[in-house]
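So, here come the structures, one by one.
Note that subunit A is present in both complexes that follow, paired respectively with subunit B and with subunit C.
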Partner chain A sequence: MWRRPFPWFIVAAALLYALYPYFADDVGLRESLLLAAVYIILASNLNLMIGYAGYVNFGNIVFFGLGGYVCLYLVTALQWNVIPAALVAGVAVSALALLFGLGILRLRGAFFALATIGVNQAIQQLVVNFEPWGGATGIYLSLDSYGSLGGPMQALWTTYLLIVAVTAASLLASYAIRNSKFGLGLLAIGQNEDAASVLGVPTPLYKAMVYSASAFLPAVAGGLYFFKSGIIEPTSAFNLQTSIEAIVMVMLGGSGTILGPALGAFLYEELRGFLLTAQSFSQFQLVIAGALLLLIVQFVPGGLLGWLHQHWPKTRRWLE
Partner chain B sequence: MIGILASVIDGILIGAVYGLAAMGLTLIWGVMNVINLAHGAIVVIGMFVLYTVANMLGLHPYGAVPLMIVFGFVVGIALYWIGVHRMIGRPELMSLLSTFALNMVLIGLGTAWWTTSPYNVQVSMPGVSWRGYTFTGTHITAAALAVVIAGLLYLLLYHTRIGKAVRAVATNREAAELCGIPTTQVLAMAFGLGVALAGVSGTLIATMFPFTVLSGEAYQLKSFVVTVLGGLGNPAGALMGGIALGLIEGLATPFMPLSWIPIVEFGLFVFCLIAFPRGIFSFTKA
Partner chain C sequence: MSTLLEVSRVSKRFGGLQAVDRLSLTVNEGEILGLIGPNGAGKSTVFNLINGVYPPDSGKVFFAEQDITGGPPYRVCGHGIARAHQIVQPLGGLSVLDNCTVGACFGREALPLAAARKVAREVIDMIGLGDRAGAPAGSLTTAGKKRLELARALSARPRLLLLDEVLAGLNPTETEGMIETVRKIRDNGVAILMIEHIMRAVMSLSDRIVVLNLGAKLAEGSPREVADNPDVIAAYLGDSKLLSAAEKPA
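Let's look at the complex of A and B:
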């Protein structure tokens, strides 16, 4: 995959993204870019489900939240370093998703979408009642936990760089999957699952695999993000609304493309920041996001990139 | 023992109202294969109609019930043209996203207008006492009204020409169109009916419990559980599913802490989806 310019373009963009606030030494910019990076990770991995396999996962945030919980538990209770803790969280959540996926992916279309909402709510309620993870109050980190990364100030920069690395990994994974046999199988499932199955695509396995794959990086990112925040609690970790916003981002940028969800996430985050700070709009953030989604779904179902591809077919070649 | 029985009976009374809400959801699914994710927001509209009628206009609370049926029908037809019409016949993903967008807009407007603080409407209805247990009057009235409205829906669907048209469109839209049924109008009307049912169930819920702009989500999830229990697209099953859910809630309440009830519900929900995707009461399929 490294023979084509596209992955190098992603790497270069990620380097710029990571280093610009570092050399500009701008903490405010870093915080806003960090949030955008987290959204890009969520949207880009959700795109594997929505854009490739054609399954709406309303509960995609559950991976992010569970990753955060596993990571923070390892850091506080077992005194792990955050990097192995986040990776182990990713593997654990991914394995759990594989298990869930084999069960709930027997459902199709709308039934699956409903089940994902159920899974998110059930896990949120379980965590609320789970005492080792702090129940409804959640887990707090003490300042000592940042010691291994050279103190709180340095740790914030380190986690920023790590999250940008996860972002780049998400985009590269999207690219690699799109160009693999696995990815082609997923696209076939998205077009017509029965036909794909007849043509020899192992549909139940592929669906469970993509569900699990779309869990890994968000879980790692969840671990890093909540480590950076220093606190995790059930309502913010399993916020169904963030899940839905991730769907808006995917649709805004263009589902099924690689850069689309990233673009959508970045634009949505900027728009949201603008709406929250603008006095007259701060109350209507949800209304505007909803109206935006309604317009996209009804009139430009391909999103920004889909629209570009349709009107200037040449852009297909370099904007994937 | 009698305590448990009282709790179960109360659960069944509330369950009838859940069933009414789920009927709205399942009617829309059955007729146009759209899962209405704005369902919760519509339940909330019903709650605030009660608040407006009872606390702001000072009318009798149950006057809100017929008002909400008419208002819900009009709102439903408007929502159909705004968000659903272009989604008919397209992949489910699109109608899910579209109705969810409607949900965000409605909840967003509601939050801006009413904020998220809790509201309460005092409805005074004499209760029924039995061996030291009192069944709240509002619960009994709400359940009775829910059953009456469900009966009216049955009469409408099975004993009128309009109902026949709705059932024809649900069975086969193209054939119905060929027989001269104006399918688009029937779809809009069915959506209006579904929204009216969801809204009026919200009104009835608000006579029993306090509510906020965000309570819709919990009732929406309950409606999903109920429809899954009763079989998607099956209004009669929805009422039975609602009563079953109320029974389970009533049965579980004396035995476990309140915060565990949602886990039981969602666990049941996911389990039923996987094990009985056609619903437990699917033998009564209309």
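Let's look at the complex of A and C:
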């Protein structure tokens, strides 16, 4: 995989992304880039489902929220360091997703999409009523929790770097899957599931595997993100709106490509930041997002990268 | 010759329709068995029962002495049964090469990606799609898609090939080419079970023929025997052209 220039390009871009706010010494810029990085992680992993396997997961945010909860629980109740806590959260959520996946992936199309919303809402209600995780008020971190990372100020920089690392890992995973036998099987499922099955692709297993894979890094990112925030509560952790925005990002950049969802996420976050500062219309970005989704699906189903590939086929080679 | 596929008294009912009724048939190693019958006789359903698209209500399917009844299709494919569909099912957004690579990756030999791509490339060249390897499968002509169905099935390196009307919709030149290709495949040691409506092709290609009517077996035998069978002529053929076609193999 490392013989081609593409993965090196991702690593270089991630380094630049990580170090730029550090040397610019700009905390505001860091916060905005961090949010964009989280969106890139969500969109890139969602793309494994939508773009590769052809399954629209409306409840993708459940992985992020659950990861946050597991991680913060380990950090507060068991005094774990955030890094192993986030990784364990990723593994736990991924394992849970594998179980769910084997069940709900028997459904197709709109029924699957509805079931994913159901999973998110059910988990949210479960957490609201789960006292060890603070119920409706959630979990708060005390300032002591940041001690192991050298105090709160240092911890903010460290979590930023870690989240950028998870972003890079998301893109590399997307690239590795795209160029593997597993990825080819997923693409076949996305094109025509029945034909794929007749051709020998073990469809139920592959679908559950990709559902589980698409849960891992978002859960890790959720752990890091809510650790940085210092608080997690059910409404922000399982926000269906963010789930839907992630779908817009994937479609905007180009589903099924590797860089497309990242590009879409970054652009969407910039647009959102711009519209939020307008202040005259709260949540105006949602109006734009809705209109954008309609226009994309109707006129450029391939998204930005798909459109580029279609008009300049040569870009296919270096903009994957 | 040893038995490769044994279908034993399988039945399938869809609501009020008995699509397949206690049908038994066998395919031997290296043999071409033709499956014919009027429209709606249950031919494609038999294929669906063999490769596990749906399980039979009763009866068993054995392949190389293993019980493969009821699929699922991807497992049946792994045993070495590949299928070319009557209604083409290209993975339209993927290239012709990728379509065949899927076949080779997940077929009987379950090859790793690089080896699968090589097999796919060979098969594409043999089937005559070499110059279209990079094109999206959805952009092929009907004849091209039919060839792709065959190429993709062959990429799985099957022991038994299920061909569902691969000649339908082809012009006479294309048909000749396809008949040659099918013969070449059999000469490479692959057994073939084929559904076909073009009688000249069935008669000249098949070693044996099974005639299906209303889901049940009406007759079985060599092309000659089947063509002379009065039941078959009454139920289905009623066409004297067939007899002359059987006399002078194409």
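Here, the second predicted complex is superposed on the first by the 315 of 320 C-alpha atoms of A that agree within 3 Å, B and C clash if a C-alpha of one lies under 4 Å from a C-alpha of the other, contacts with A are read in each partner's own complex, and residues count from 1 in each chain.
Convention: contacts are C-beta pairs under 8 Å (C-beta built on N, C-alpha and C of every residue); 3 or more make two chains touch, one makes a residue touch a chain.
Being a predicted model, the structure only gives us computed values, none of them experimental.
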Worksheet entry | Superposition on subunit A - do subunit B and subunit C clash or fit | fit
Discussion item. On the A-aligned overlay, A:196 touches which partner chain: subunit B = first, subunit C = second, or both, or neither?
Written reply: second
Worksheet entry | Which superposed partner A:84 touches (first subunit B, second subunit C, both, neither) | neither
Fill in: Partner chain(s) touched by A:187 [first = subunit B, second = subunit C, both, neither]
second
Item to complete: Scan A:5 for contacts with subunit B and subunit C and give back first, second, both or neither.
Response: neither
Discussion item. Once chain A of both complexes is superposed, is A:273 in touch with subunit B (first), subunit C (second), both, or neither?
Written reply: neither
Fill in: When both partners are placed on the shared chain, which of subunit B and subunit C touches more of subunit A
B
Practice prompt. State whether A:147 touches subunit B only (first), subunit C only (second), both chains, or neither.
Written response: neither
Practice prompt. Report the closest approach of subunit B and subunit C over their C-alpha atoms in the superposed model, as a whole number of Å.
Written response: 13
Worksheet item: So which bits of subunit A does subunit B touch that subunit C touches too?
Response: none
Fill in: Complex interface listing, subunit B residues touching subunit A
29, 33, 35, 82-83, 86-87, 91-94, 96-98, 100-105, 107-109, 111-112, 217, 221, 224, 228, 232, 257, 259-260, 262-263, 266-267, 269-270, 273-274, 277
Worksheet item: What residues of subunit A sit close enough to touch subunit C in their complex?
Response: 179-181, 184-185, 187-188, 190-192, 194-204
Fill in: subunit C residues touching subunit A - in the complex, by the definition given at the top
51, 53, 72-75, 77-78, 82-83, 85, 89-94, 98, 101-103, 105-107, 110, 112-113, 116, 152, 156
Item to complete: Under the touch definition given earlier, write down the residues of subunit A that touch subunit B in their complex.
Response: 50, 54, 56, 103-104, 106-107, 109-111, 113-115, 117-119, 121-122, 125-126, 128-129, 240, 244, 247, 251, 283-294, 297-298, 301
